[in-house]
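The structure appears below as structure tokens.
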Amino acid sequence: MHIGKSYRLTDFLYWTRRDLYILTVVGAVPVILYETFGLRWLVLPWTVVSLFGTATAFIVGFKNSQSYNRTRDAQNIWTNIGNTSNTWGIMCRDYFGDSSIARALVYRHFAWLTALRYQLRGERVWESTDVQHNAEYQQYYTIPERTSSLESELAKYLSPEELQQIAGVRSKTTQLLAMQSAAVKAAYGENTVQLAQFIELQRTINLFFAQTAQSESLKDTPYPRQYSIVNNIFVRIFCALLPFGLLREFDSLNRAAPGLLHGHMVWLLIPFSVMISWIYTSLVQVGESTENPFEGNSNDVPISQICRAIEIDLREMLGEKELPPPIVPQNDIII
Amino acid sequence: MHIGKSYRLTDFLYWTRRDLYILTVVGAVPVILYETFGLRWLVLPWTVVSLFGTATAFIVGFKNSQSYNRTRDAQNIWTNIGNTSNTWGIMCRDYFGDSSIARALVYRHFAWLTALRYQLRGERVWESTDVQHNAEYQQYYTIPERTSSLESELAKYLSPEELQQIAGVRSKTTQLLAMQSAAVKAAYGENTVQLAQFIELQRTINLFFAQTAQSESLKDTPYPRQYSIVNNIFVRIFCALLPFGLLREFDSLNRAAPGLLHGHMVWLLIPFSVMISWIYTSLVQVGESTENPFEGNSNDVPISQICRAIEIDLREMLGEKELPPPIVPQNDIII
Amino acid sequence: MHIGKSYRLTDFLYWTRRDLYILTVVGAVPVILYETFGLRWLVLPWTVVSLFGTATAFIVGFKNSQSYNRTRDAQNIWTNIGNTSNTWGIMCRDYFGDSSIARALVYRHFAWLTALRYQLRGERVWESTDVQHNAEYQQYYTIPERTSSLESELAKYLSPEELQQIAGVRSKTTQLLAMQSAAVKAAYGENTVQLAQFIELQRTINLFFAQTAQSESLKDTPYPRQYSIVNNIFVRIFCALLPFGLLREFDSLNRAAPGLLHGHMVWLLIPFSVMISWIYTSLVQVGESTENPFEGNSNDVPISQICRAIEIDLREMLGEKELPPPIVPQNDIII
Amino acid sequence: MHIGKSYRLTDFLYWTRRDLYILTVVGAVPVILYETFGLRWLVLPWTVVSLFGTATAFIVGFKNSQSYNRTRDAQNIWTNIGNTSNTWGIMCRDYFGDSSIARALVYRHFAWLTALRYQLRGERVWESTDVQHNAEYQQYYTIPERTSSLESELAKYLSPEELQQIAGVRSKTTQLLAMQSAAVKAAYGENTVQLAQFIELQRTINLFFAQTAQSESLKDTPYPRQYSIVNNIFVRIFCALLPFGLLREFDSLNRAAPGLLHGHMVWLLIPFSVMISWIYTSLVQVGESTENPFEGNSNDVPISQICRAIEIDLREMLGEKELPPPIVPQNDIII
Amino acid sequence: MHIGKSYRLTDFLYWTRRDLYILTVVGAVPVILYETFGLRWLVLPWTVVSLFGTATAFIVGFKNSQSYNRTRDAQNIWTNIGNTSNTWGIMCRDYFGDSSIARALVYRHFAWLTALRYQLRGERVWESTDVQHNAEYQQYYTIPERTSSLESELAKYLSPEELQQIAGVRSKTTQLLAMQSAAVKAAYGENTVQLAQFIELQRTINLFFAQTAQSESLKDTPYPRQYSIVNNIFVRIFCALLPFGLLREFDSLNRAAPGLLHGHMVWLLIPFSVMISWIYTSLVQVGESTENPFEGNSNDVPISQICRAIEIDLREMLGEKELPPPIVPQNDIII
């Protein structure tokens, strides 16, 4: 997540420069054909382009709303993970007389958080983090989940036997939560907690199950591919048609143009065609870099930072003094 | 659900080719009448077409939003089914000292999942999976619910008596959940679980009742037919009127057209008329293949895969070692 | 609810034919004045009409979204009624050793469902079921709540004393639920159920209170009348202005019209004016037949069918063998 | 809330007549300057007006959606108050062996309802009930909260000591609910109810706290003033500019106007300018009379009626025979 | 929050005057170049500007909806904080026989509220409270969180040991709630409350955890920076292009302009260009002053006032007589 005052305009232009290059070519070709090769019949009625433009605007707008919603949903899920973790912390501390059990439950919770964030920061074929314009931006920040291995992280929180237990399973997060339930049950079996407390703890585990499932569902269900392709096709057709639609409009400017300018006003079409097309392609690019909130780009929900904050808070609840440092923004980006 | 990088453009054109054929004819007829038969009075003022186009765009846009919402709702219901199943798994395992009861409860849960997914993958008259353009796409994937019978699948999880018990009932899913309740009650009667646990288990069953009802409601309540027909009528009228509205616009291009082209610019109307109409018909077709999220097409919520994942997770919780394989995508489609 | 593949176009035209007649007259009058009586100054600038059209489209669109939402909300409430009824069924069956109490509770539940659906299918002055175009459609289906009396239906489920008890009360549904609570309390007083079960049953009754209140609120709170009248006024003004705005446009077609057609192109205005106006009036009519989801028309939420399905499921849970038949669609309509 | 078939057109025109007067003047001035004083340069390009019109439509549309949402939210809160009150009724009746305690709890509940509705029907500076066009409409109905004093109403339900207790407090509703909690606690202290019941009752009180807070928040948080002023400024500017933008359009009609009409077509601008402006001002006025759902106007959520219905239902539950009459609509308005 | 009848127009103009200055220059430059320096070729086709304007309107509209939603969400969170605090008040008072424990729990709750509001009223780099046009408005009200230090406020509610305990922690709000849990647990250990009450109290603490997390998430997650920059870029480009697009339109007015006016109508472009651009920039400015609901500006959710009201209510519940005064509006602003 970018938490600066704003992206810089230069950054934004740089980030979208590939589209600008292409759009310049797309805008220049019709002008050259029209002006240099004299193909005066190459024009398209503005009505056609305008109808196309409006329909495309609707589609792009719809997609950007849904991309926004996906990121906001992800944010909400992780806000919930944060406060349910606090809940877990006080329950573990205040339910168990024996603090070693509490500590084990809290550390296994860190393991679950770790497994979950590694899973969410995995790569999917439809994501755009490693697309060129995003990849080059990665020099400005590091993704913790790509700099150290899951195994070494989990080893901080789990015993070797536990690590062994989740080694080959389909879903580490699910089985870690199942282990929490088994541990709580064992404590109930030994009368460390009473039945109502056992149930209360298990309900909290159920919340974690739900948050896991919601996070995974957002990660593994891309924006519907059938909507996505319609979006892409129409934006491209629109950008291709736009300069043809503008030819007549700009040609008519020649009437008022004096001297040397006269007869060359059509060349002005290129920057304006680029400018308008660029709105559309920028919106597409912004949407694409927002729709997958867990892909490791600079617009991600900052799950690494949230997990670290949880870890600090829960360790403080347990009275620990040696705390890991909070994750700080790098170049205004928290990850 | 398609989980590739994108549908391919060629696939998309192929998938919508029938509309393209029809639209070409619809676009060509007015041009031929106008140009070849010289019916110059056949034109329609653009204002009429434009007003129609805007109103139709609203209606199509509304429908596509609601189709999107229906699929998203379906996804959310099944995300909940996933995590409530995990909840069920740990409760069964950790509440019952006797693991054979736990196993029976978990397997009956698989039977419920199976009955539910077979029911949801049944056919409804308003669905579009077996419409030609979708049917031909089915060669790329198999629908498990159509390759093996419900009975043989249920037999994996239920005893013959249980199978007998649900044979003639109105709703297998409902009575399977009622059987879960009876089993839990029996365990409570034998003091295997305490009252609070009995209530907690029954609450979880209630969640499954709710998820069943929500899934069935989405399956059996189509997008309101009265909205649907308005949508279809207007798109068709618009596509029929569009070329008449463009005749004057394209005819005016003749002024700038030199030599052989002169007088024939109207023919250019056909591809552009097709292109614009095709936006509308594509949106309709995309909407139609999205609005019924359980019909077995390539945009379905992947309920077979979700059920299998649940089965693996719950069996792993019970400590089983022989697990069914996860369902993998076929040609980027998971079902 | 219509559950066919689609309404037929002929049905739709027939259903909206009254508007078509009126709109034809509305479209013909200006043309006759203009053409036959030569009142050439009768035209209206298109800009005026176009601004009106866009504003009206917004208002009609907003209303149709809200109508859709009202029906969807109604559907959701009744989906909840369905699954909470299942919950009630298993609780009654599995909490009470004495099955006669369970049976009484379940039958009183049927009485509540019956009272609720009769109440919801009552008539309100703002509803449109008995408007001519809807009334004639009623030959295709029967509304159970209008073919047999509430008293005779309730008598199937309640004892005479109970019938007596709810005879004069303000709200039968409320007092029936209050009777359920009293019955449950009596069972608790006799130690048939324990306190936690008593509370659990009462919580379920509370859910039924909520569903009753939500259904009644939807029934008795019409789409805000102040929004509704704005909607109606503007659609009518628009339909009246539209042909005047089109006169100049169609008159200009005369330039290209040869021979006999020349000078008579204005008459073409009539069908197109009707067509465009008809979009708006159709949308209004579709909205009106959707906004009250419990009025007994063919777009209703099928509450009779849902109640019957609940009755069958709950009787099957109780092990009954003589079941009422499910309600089947009549001419693709379930009610 | 208006529950008639529709507002009458004449009522609506009467209700908005002040705007119509003003708009007529606003429309006539430019025409007089243009036509009578011959200021032909006074025209404005239509493009300017059209862009303004579209932007203003967006803003007005947004506000009207939010006004609708505010009323709907208010309706939902009060639907919940209704059913939670029923819940409270059966709990009080069925938890307490001693019916005098139940009666006291239920009557104190009526007191809370009374205090809440008086508070909500208080006046706020941003409300529009007493604006002239709404004030004159008040002759058609009476607002109970303005015809009798809160003190006399509360005295029906509370003992003098209780009245004394809430006399000087900041929030009567809050302290009444706190008194309910104290009464329940006292009953628990005397073992009239058990702990689980005490907790259950207190949870229900918490729901009333939530409903109080939601109602008050809607009452005391106006539609954001910064959005509101933007709305008002733009509608006024648009109405002022519109006739200038139409001058050229209507002047051009003179070409076709014969004889006496010739040269005077511009005067036709006035009614059409008024008509279009009136859409915008009507929407604003409708929005304004909807956005504050508790101000005592004819579009209010009918909280007096809801409270009375609750009182009747709860008294019937307690077996009382002397019931207050339901509140009936006056001139189709329930309040 | 502004709770007056309306912002005054003069205030609004004053507040946006900087934009008005800039827009006047932006509008004047093209006119001067065109008219004074005779650069007649400087015009831009209106179609380009119009397409730009529509697309920009969409983007600005989307942002303003989301800004509205952010403030409404913030309002809802704090409505919940209000009523959950009341819940906390009656639980503390009625669960604990020993009122000193209740008092400690309630005062620590005040400390939590204080820590939370200080945290929310902290400054973030993307907020706009201290931007010039907002900063000068701050003379009309005081922000309590900026006039006295957090430490001195907390000292009113906490003992020195407790102050010490939360001195160096990452999150004061989290550890204060954790202290509440520890206090409740201690009371349970001493049998002052029973297990069910202990659990009930902890559930309420969990609600406070959730409300804390939601508030913080809204505070620390700005409107996505990538959406924000697109918004700003497009509004600026539109404002820059608009006057060029209007040149031809206003120049054409010269045809009707007589005498001295003739040839100078283009100068009229400036006020109208400013007026239209000003809609867009005003909407942006209004959006910006709404999107961060906890930044201390005059559109904030009034958290200081809410906290004070809670404090009064809870102290009244405890029977205290010396109450702090409610926070009153200053110049119609409550903070």
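The first chain written gets the first letter, and so on, giving A, B, C, D and E; residue counts start at 1 in each chain.
The working rule: contacts are C-beta pairs under 8 Å (C-beta built on N, C-alpha and C of every residue); 3 or more make two chains touch, one makes a residue touch a chain.
Quick caveat: nothing in here was measured; it's all calculated off a predicted structure.
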{"item": "Number of hops, chain C to chain E, where each hop joins two touching chains", "value": "2"}
{"item": "Separation of chain B from chain C, taking each centre as the mean of its C-alpha atoms, in whole Å", "value": "25"}
{"item": "Distance between chain centroids, defined by C-alpha means - chain B, chain E (Å)", "value": "41"}
{"item": "Chain C residues counted as touching two or more neighbouring chains", "value": "54, 196"}
{"item": "Ordered ring members, chain C first, chain D second", "value": "C, D, E, A, B"}
{"item": "Residues of chain A that touch chain E when the two form their complex", "value": "1-7, 9, 12, 46, 50, 53-54, 57, 61, 64-65, 68, 71, 75-76, 79-80, 82-84, 86-87, 89-91, 93-94, 194, 196-197, 200, 246, 249-250, 252-253, 256-258, 261, 265, 272, 275-276, 279-280, 282-283, 286, 289-290, 299, 309, 312-313, 316-317, 323, 326"}
{"item": "Residue ranges of chain B in contact with chain C within the complex", "value": "40-41, 43-45, 47-48, 51-52, 54-55, 58-59, 62, 66, 124-126, 169-171, 174-175, 177-178, 181-182, 184-185, 195-196, 199, 202, 205-206, 209-210, 212-214, 217, 220-222, 224-230, 232-234, 237"}
